[in-house]
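Read through the structures below before going on.
In the two assemblies presented below, chain A is common to both, partnered first by chain B and then by chain C.
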Partner chain A sequence: MKKQLSAAAKRKRLQHFFIHAGIILFAGACVYPLLRILTVSLRPGDKLFSTDLSLIPAGATFVSYARLLGDTMFLRWLWNSLIITLATSFIGVSLASTAAYAFSRFRFPGKKAGMILLLSSQMIPAGMLILPLFLMIMKLKLMNTYLGMIIAYSVSSLPFSIWILKGYYDTIPRSLEEAALVDGTSQVGAFWRIILPLSTPALSIAFLFNFTTAWNEYLVARVVLFSSKQYTWTLGLFELQGQYITQWGMFAAGSMLVTIPVLCVFLYSSKWLISGLTLGSVKG
Partner chain B sequence: MEILKSIYEVAWFILLIAGGVAVLEGYLYSHFKFYRKPLFEVSALIVFPLLGLLALKTFGLAAPGSYSWLAVSEVLILLFFRFAVKGRHTVPFMLLAPAFVGLALLLVYPFVFEVYLSFHDLKLTTIMMWKNTGTLPFAGISQYVKVFTTSPLSEITFWALLGRTLVWTFSNVFFHVTGGFILALMLNNQIRFKGIYRTLLVIPWAMPQVVAVLAMRGEFHATNGFVNIIITKLLDTLPFLGSLGVAPVQWLSDYPLLTCTLINVWLGIPFMMVVILGGLQSISSSYYDAADIDGASYLQKLRYITLPLIRPVLMPAVTLGTVWTFNNINVIYLVTGQAGGTEQADILVSALYKAAFTYNRYSYSAAFAIVVFAMLFFFSVFYLKTFDAAKDER
Partner chain C sequence: MATVQFKKIVKKFGDNLVLNGVDVEIKDHEFVVIVGPSGCGKTTLLRMLAGLEEITDGEIFIDNLLVNELHPSKREIAMVFQDYALYPHMTVEQNMNFALRLRKMDKAEIAGRVKEAANILQLNKFLERMPKQLSGGQRQRVAIGRAIVRKPKVFLFDEPLSNLDAKLREEMRVEIAKLYQRLNATILYVTHDQVEAMTLAGRIVIMNHGIVQQVGSPIEVYRKPVNLFVAGFIGSPTMNFLSGRLKLENGTAVFFNKFITMPIPAFVLPQSEAQDGREVVLGVRPDDVLVERPGGEKCSGKIEGVLEVCELLGHRENLYLKVGGQRVLATVEAFFNRSPGSAVSLCFNYQNMHVFDKATEQRISE
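== the complex of A and B ==
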């Protein structure tokens, strides 16, 4: 009996060894490019193109970071991105929170059609609406401005946010509002005083989703913004990496500075984001 | 100073939007409240279009005929309230109105505008005329004919692009799902460091896509990227690989589509892994215990328990993944989009983006977009039908 057990344990240990080996291989492939960016960002200026593969390069310096912050408009680009993104997310979440409440709690003609419209809007190829939006922004004389970008971004995540929020509102028991209604508040008052405070987690996830979508956006920014002063960081990095290959160090430094906060936020919030994603799609 | 100015600009804009929302709600509320009063209809017909015209004038958007359009829409709204809504459902409609108007202005209207563009002729030579007068030469279906007869870029045809898009979509989704599935199966064991592994494995998804793609693009550079450096080092230590045809290659100029695919597979596996892992964890272990008692092999358990049970999670994820991959401009544009970039890797959507913004063929690109949208639309209707049928069967 004892011998058999140990044989099974041995097999299990061998199996686990292979699993660990396989996962480590994959994980290495996932992490290595990020580590490479770190390496390149630390290289001294004359060794940018060495074929050295060591993680911390010989003579590592922060010179690229200093040049990035001193010689380019990187901070300005970050600021531009930040202000556009914050305004977009604020508008998007406010619109979504009330609309989702209507979908969650009321029955009204056109409800089903509205839900289908929301879902099918996700089918529109993303690249398709860039052209008309670009022309509209041109017509409104908002090219190269924050407002043009905010207008172009503000509804792009709206359908998804409505889905997430509706799903969350559905889980809040109606009896809470009914009690409030009995106590004499209006339906809107119940929404404002009870549902919204209770939905803080879902609201922050929707906000985060809006935020990351706009923060990482590139294609619309490419056509709306054309002076480097107004660039978002995505355009700025593309510029650094694209035109002048000699600025690889600065590109890498900028990438690190942008990636680390995004990575932290994503890893912190991934659980909720994923449940939102699957919730929306399973129900659809 | 500049910072203050930008804050001021954006704050002003948000206030403007808040004001707009308030006006909209007031407008709707007056209809809900007074829809029955006869005098209301007459005065509404005069007052609201005038106010609308005033608003359009302030923002410099008024065009000849604006007033009659506004009056017509006011009549429609009055009729709608009189015969359809009748003062009911006030709260949900007012809650929905801002989002609905936002979507109508920035999603539905652009779509309609795209259709309009596709039947007209907007290109670099007519854009000034359109900017000044707002009118465009009518082109009938000639733009649609051009979609199928001329190249959106410099030489590749629509059909070649379509074929390439299908290959791109299929191969990407295939590798995403297989890779994600294998990783999820490995992670779904009682192993140590599971949390750490999971965190490391989602990094490609968590990184900002622009950074990830641009960095990978640099790494596929022929001499400075790590891909070729690793291949060279491998050849140094294991010379026999050279006789098998392994050699450093010019990834970006000779194999751009393969490069884009490799990058996108790398980017997309974590999402599938996470979704599938979620599905796997929700399967009760009692199924496997029962199968063990029946003496089922590992592959049998995989085939008859795991696959059917993660289907409800997998199918939506695959659908989503297919649509995302089909529409993925980002990866391809970021890798090949610079001046002098190749068009050997372009798929339908990236070609339509380049046709509009690199070649300035706006109307052509609009017609192209409508064709792509129609294909996607019929695919999804067909797909949903079969999906529903499969659901009923079970």
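== the complex of A and C ==
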């Protein structure tokens, strides 16, 4: 019996070893490029193309960071990106949360077709949408504006967010809203006071999706924005790429800096990504 | 408190007719239980009163005020849901005072009401807990507490005990009965459990297929069921039904089928209903099947049967008897002490015998 148990324990330990080895391998593959960028960003100007693999290079310096922040409009680009991304995320999540509620709770003609239409819109490659988006934004006279970018970004991530949120609302028992209605709220009140607080995991996912999509977007920005003052960081960084020379040190420093907001948003939203919020509400 | 009137209520889901002309009136301070099998429309009727379901046709009045188009929040009703429907992100106290906070009531008044309800329901210790930290019975008490604090015109209970185990259900049944005595409120209570209906109700509304079958006090519907459905639905164990025909012998009605022949006295079946050849169904409750006991004037003659199965329930015993090809259930005092297969004699107590027309299924006896 003891022998059998120890054999099972050994097998389990071996299993754990391989699982952990796999995880570490993949984690390494993910982190390695980031570490290389960090190294490049810290290298002094004369050692940019060195083959040295040490993480902190000899003569490590923050000169690239200082030049990026001092000599270019990087902070301005970061600010533009931040405004567009935050506005996109808030507007996108607000629109999606209300639209998804309607799809989840009300019966209306075209409900099913609407959901399928939303899903199928996700199947169109982003590149194909560039021209119509460009034409629309131009007709709205919103070229080279924050608003033009915000509209373009919010609507493009709306279908995915609606699907995510609708799926989540469907799992919240209707009797909770009915209890709220009987208790004295309006339908909007029930949504605001009961459904939204219970949907934070799905809202966080939708927010993160909106945030990362808008933050990293390049194609639409390339078409809509044309003055370097209005650039987002994605366009701005490409400014550093010249025809004959590319400022790799500054490029790497910029790449490091733009990960910070995303990292912060991910860390902050992780506390909302908890399951089991509706536990105890109804008989399970 | 208030009165409630349902007038010719019709509810359709697409082509499916769920309620068909329901007319019920609930008096002030009355405890009315709507009972019926699953899908009979009882919960739909309750939800229509709460404003959670649209009314296809008919009118609902609360205190003589037509509420058909009134939003649930304006109806001054409180509802206890089958699945509790507690707000999971709020503490017990917040759950209970949610409706009062919405009304922007004075804080001291809110605290007083919550405290009073918590005292009644013994929830004082749990006010700071979240719903997920409570047991099923405690959650149900919170759901009731949430209704009490509002002091509504009408309390609506939608099968509130159906998710509890048998012991807890019994305890909560007593709690609700005590609560009614204390609040003296107008209560509309929906259940499929006829024991709850019999024990709690001042009046019972029995429904089937969206139609009200009978309205009456528990003892009325038990003693004088108006049709076969009510007779079969109310009472546990279920009533025995014997199909047969009537014939007239010297002016006396006689029931007969392949296995049983017995006269039906005039005090059970009036002469006017006793037509020769009429197809009828006799209804006899298991308590009124007397086994191995002298009959007497108020009982039918002796009928021979065979004991098939005995079920000892503790103080009572169910005897499944075979009379010819017909099965008859008798409930007797415990420890009948006869082995299955033995011959027994039985007779039916005329005083509680019911006769129904087979075609219309309506009661024709007194």
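We take it that the second predicted complex is superposed on the first by the 223 of 284 C-alpha atoms of A that agree within 3 Å, B and C clash if a C-alpha of one lies under 4 Å from a C-alpha of the other, contacts with A are read in each partner's own complex, and residues count from 1 in each chain.
Note that in this section contacts are C-beta pairs under 8 Å (C-beta built on N, C-alpha and C of every residue); 3 or more make two chains touch, one makes a residue touch a chain.
Worth saying up front: this structure is predicted, and the values here are computed from it rather than measured.
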Item to complete: Report for A:L34: first if it touches chain B alone, second if chain C alone, otherwise both or neither.
Response: first
Worksheet item: In the superposed arrangement, which partner chain does A:I150 touch: chain B (first), chain C (second), both, or neither?
Response: first
Worksheet item: Which of the two, chain B or chain C, is in touch with more residues of chain A?
Response: B
Discussion item. Looking at A:L225 after the superposition, I want to know if it touches chain B, chain C, both of them or none. Which is it: first, second, both, neither?
Written reply: neither
Practice prompt. Could you look at A:A253 and tell me whether it touches chain B, chain C, both or neither (first, second, both, neither)?
Written response: neither
Discussion item. Taking the superposition on A as described, I'd like to know which of chain B and chain C A:L198 touches: first, second, both or neither.
Written reply: second
Worksheet item: In the superposed arrangement, which partner chain does A:S175 touch: chain B (first), chain C (second), both, or neither?
Response: second
Worksheet item: Which holds for A:D183: it touches chain B only (first), chain C only (second), both, or neither?
Response: second
Practice prompt. Pick one for A:I164: touches chain B only (first), chain C only (second), both, or neither.
Written response: neither
Item to complete: Share the list of chain A residues that count as touching for chain B in one structure and for chain C in the other.
Response: 277-278, 281-282
Response to the item:
Within the complex, chain B is touched by chain A residues 16, 19-20, 22-24, 26-27, 29-34, 36-37, 40, 49, 51, 53, 76, 79-80, 83, 87, 90-91, 94-96, 98-99, 101-103, 105-106, 108-109, 111, 114, 117, 121-136, 138-141, 145-147, 150-152, 154-155, 158-159, 162, 187-188, 191, 215-216, 218-219, 222-223, 234, 237-238, 241-243, 248, 251-252, 255, 258-259, 262-263, 266-267, 270, 274, 277-278, 281-282, 284
Worksheet item: Where on chain B is chain A touching in the complex?
Response: 2-3, 6-7, 9-10, 13-14, 17, 59-61, 84, 89, 91-93, 95-96, 98-100, 102-103, 106-107, 109-111, 113-114, 117, 122, 131, 182-183, 186-187, 189, 191, 193, 197, 199-212, 214-219, 223-224, 226, 229-230, 232-233, 266, 270, 274-275, 278, 312-313, 316-317, 319-320, 323, 326-327, 329-330, 333-334, 338, 349-350, 352-353, 356-357, 362, 365-366, 369, 372-373, 376-377, 380
Worksheet entry | Complex contact set, residues of chain A against chain C | 173, 175-176, 178-186, 189, 194, 197-198, 276-283
Fill in: Touching residues on chain C, where the partner in the complex is chain A
50-52, 71-73, 77-79, 81-89, 98-99, 102-103, 130-134, 136, 139, 146, 150, 163
